[in-house]
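Below, chain A partners chain B and then partners chain C, in two separate complexes.
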Partner chain A sequence: MRALAAEAWKLASLPTVWIATAVGVLVPSVIAGITASATLGAITRGAGTVPGVDTGYQELAFGVVGAIILGVVGISSEYFTESEESGGGRQITTSLTVVPSRLRFLLTKISAIAIAAALLAIIAAATTMGVVRVVLGAHALTLGADDVPRLVGVVCYWVYTALLAFGITVLTRHGVIPLAVLIANTSVVTVTYLLTKITPLANYLPDMAGVRMFIRKLADNTVEISPLTGGLVMTAWVAVLLVIAAIAFTRRDA
Partner chain B sequence: MTAFPAPATRARGPEAAQALAAELSKLVSLPATWLTLGGTLVVNLILAMAFTIAGLHGSTGTKSATDIGLASISYAQAGFVILGVLAACSEYTGGQIRTTLIAMPRRALQLTAKHLTLAIVVLPAAAITAASGVALAAGVLGDTATPVTSGHVAAALSGVTAYLALTTLISASVGALVRQTLAAVVIVLGYFFIAGPLLRDHTPAAKYLPDSAGFAMWFPVADNASAVTPAQGALLLMAWTTGLIVVVMLLYRRRDT
Partner chain C sequence: MNVITIDDLVKRRGSKEILAGISFQARPGRVTGFLGPNGAGKSSTLRILLGLDRATSGTALIDSVPFVQLRDPLATVGAMLDGSGAHRARTGRAHLRWVARSAGLHRARVDEVLEIVGLTNAASKRVGSYSLGMGRRLGLATALLGDPEILILDEPVNGLDPDGIRWIRTFLRERAASGRTVLLSSHLMGELAETVDDVVVINEGRVVADGTLDEVVGAHRTLEDAFFALTTSGAP
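Moving on to the complex of A and B:
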């Protein structure tokens, strides 16, 4: 428990984590605001469109970049080498002196990042849905019982993505490559989405499967995966990656 | 009483040449430079292969080997962003920047030399990366590809090369401004991959922003009168890059290291 508090404190004192928070909350809510006002414009012009079933959720799929940054810097900061004037040390040596069990250290770290990502997702989802509601006013689709599992899906997706980023960074020990790969894959047309054009198997890649938890209409995609299956597929990916990361972490030199 | 010798001053010309040589030596001796460029080339070839296979299935909407071979560049540019940021931020891991500035006290000259060196290294690398993707697409598509004139290919390739070089320079100046590798990478990639594309979809004025203007240099855009032409795109992106470098240079001269 004290180890968890220490990990939470470490996360909270990293400036990049606060950048991640700002990105995670601002990106989806600002985009949702822009999209919703465009929809409202179309409605008032009499173009007669109703907001799509994925209004807000679509934007939350981009906001996951905040969770990615969180997962990456959560562990890459441990491996950051201080400048020579301050001794050239790394935080990981101190951390492992204090918590000598590698597995326990990694589990606490995973818990801290999962909790932080879940909090971030809840705040981001609440802000984004709030912005959509305020902008669209009476035209907004009412949040009903259907939305509860979808919002839970958003939180799951963010937590899993943060853990994926975390797992990759445990293996690379440096944040740049995982950040570049994962941010590039959060763009409007993702690499994994393009892969689904080549093979339908790509629909089972972690992000393509994971978004099914809350996105109902994927553009130009005919493969149907139920939200539950999507969630389970992503869970499997995360579990496998974290096991590999744990094995590597417990066996390698720090 | 001792007479102090007059401090030796270096002539501008040789000083600039020496600064350029020093920055070049630093850049080519960073393993990260070659790893990034090599990794980008490999990733670009893999993505180009994927796009080509999609093209064979007819799901790309175009049959031109140039367009298909260059489609992967919009992802592979991440490698060039990393290179630019690393070139600037490697000075700040450890205290190399202090050694650098003792050797080259004229900060404007040093920063100019750094950006110039980066351009010298990146231009051939970008040309090779872009050309290899197009060659791969042309080779695999063979006769099924839409025939294009060599002038069109040359224009697209030179546009891509210039775009990647300018993107690298933009990344380097953001790196010099932020001084932290991860933060700079997050800012630049977040702009190019998330904020930029989304703004492009929603606001018409976004076509004058660096990423969209740069895209116009090589990416086929819809024919309409208000679209940015490749030449205008190049000018806009050059203006953005120069402006950013000037701002960074002004701050760089005044800030502590």
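Moving on to the complex of A and C:
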């Protein structure tokens, strides 16, 4: 528990973690606000559209960028090397002299990041759904019992995505590449999504499977994967990656 | 007890042999200087001792236990390696706080060590704004948090101003005088002669001299002369 408290404090005292939090909350809620006001405009013009079943959830799928930043910097900060003039030190040496067991260190880190990502997801989901309701007013779909498993799915998706980003960064020991690749894949160039056009198997890639936990209608996609299956597929990816990361981390020189 | 025992340590990276069988001891009540030119294998030895790197063969033990198996590492061994060992975006105090927290130490201890190393006034500044000397002081503060019986310091005088060097010498002498173990590495000979009791000289991954200061200096005029005679192959 002491080690977990220390890891939580480490995250909280890192400015990039607060950037991740801002991104995670603002990105989905701002996009949701814009989309909702467009929908409202169409409704009042009498264009007849009603808000889609994925209103708010679509935006939360993008907002996972915040969780990606969290997962990456949570471990890349350990490897960040001071300038030559400052002695070229890295925090990982301090961390491992305080918690010498590599496995224990990694498990503590994973727990701290999972908890932080879950909190972030809860705040982001509440804010995003709140914005949708405020903008659409009476036109908003009411959140019902169906939404509970979907919102749990959002939280799982964010936690898993943060852990995927974490696992990849444990292997690279450097934040820039995983950050660039993962953020691009979520926003600008959705490689995994484009792959589903080539092969249906790409639907079982971690992010494509994971979003099924809460997204009901994927654009131009006919492959049916249930929320539970999607969640289990993503769990498997995360588990495999973390095991590989743990093996590499415990074997190599720090 | 607090004895550091390095026994026949070998480290290879690829085909390169970094350590070729290093053995020595550092005892309580004494300051042991671990000397050698840059690249001789000092840092590698200390990193293996602290469980950060893995030895190809041989052992590095603290009271006959590897560092990674220590129950309360921070209260047993205080270590300072390169730089400050802190993330540049955190303040000095925030860095010490997470270390203290993970060892279950009281917050007040953070202010105590800041005071000891003379960083109280800079404690609220980000580590990224620290000079090399201030970073080293923060590293030392981290090592002292658990008030450990053993100190392992890699190039502690690097980057310190003359005042700082004088201060650390006195400080380490006092630690040893109170019966604790101090192991420090350096490539600077002049700075060390007045601080160390025992000397281990390494060159190209091998121990070339091991004994008390007097024994190692031997017939040479100074420790520096002895060092160059021992580490410069083919010197006249």
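Going forward, the second predicted complex is superposed on the first by the 252 of 254 C-alpha atoms of A that agree within 3 Å, B and C clash if a C-alpha of one lies under 4 Å from a C-alpha of the other, contacts with A are read in each partner's own complex, and residues count from 1 in each chain.
Assume contacts are C-beta pairs under 8 Å (C-beta built on N, C-alpha and C of every residue); 3 or more make two chains touch, one makes a residue touch a chain.
The structure displayed is predicted, hence computed values, not measured ones.
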{"item": "Partner chain in contact with A:E85 - chain B first, chain C second, else both or neither", "value": "both"}
{"item": "Partner chain in contact with A:A3 - chain B first, chain C second, else both or neither", "value": "second"}
{"item": "Partner chain in contact with A:T250 - chain B first, chain C second, else both or neither", "value": "neither"}
{"item": "Touched partner set for A:A180, first chain B, second chain C, both or neither", "value": "first"}
{"item": "Contacts of A:S13 with chain B and chain C, given as first, second, both or neither", "value": "second"}
{"item": "Partner chain(s) touched by A:S226 [first = chain B, second = chain C, both, neither]", "value": "neither"}
{"item": "Shared contact residues on chain A - chain B and chain C", "value": "15-16, 85"}
{"item": "Complex contact set, residues of chain C against chain A", "value": "47, 50-54, 67-70, 73-74, 77, 79, 81-91, 94-95, 97-99, 101-104, 130, 132, 135-136, 139, 142, 158-159"}
{"item": "In the complex with chain B, residue positions of chain A that touch it", "value": "15-16, 19, 23, 27, 31, 34-35, 38, 62, 65, 69, 72-73, 76, 81, 83-85, 175-176, 179-181, 183-184, 186-189, 191, 194-195, 197-198"}
{"item": "Residues on chain B engaged by chain A in the complex (per definition of touch)", "value": "47, 50-51, 53-54, 57, 59, 75, 78-79, 81-82, 85-86, 93-95, 181-183, 185-186, 189-190, 193-195, 197-198, 201-203"}
{"item": "Chain A to chain C touching residues, read off their complex", "value": "2-3, 5-7, 9-10, 13-16, 77-78, 80, 82, 85-91, 93-94, 96-101, 251, 253-254"}
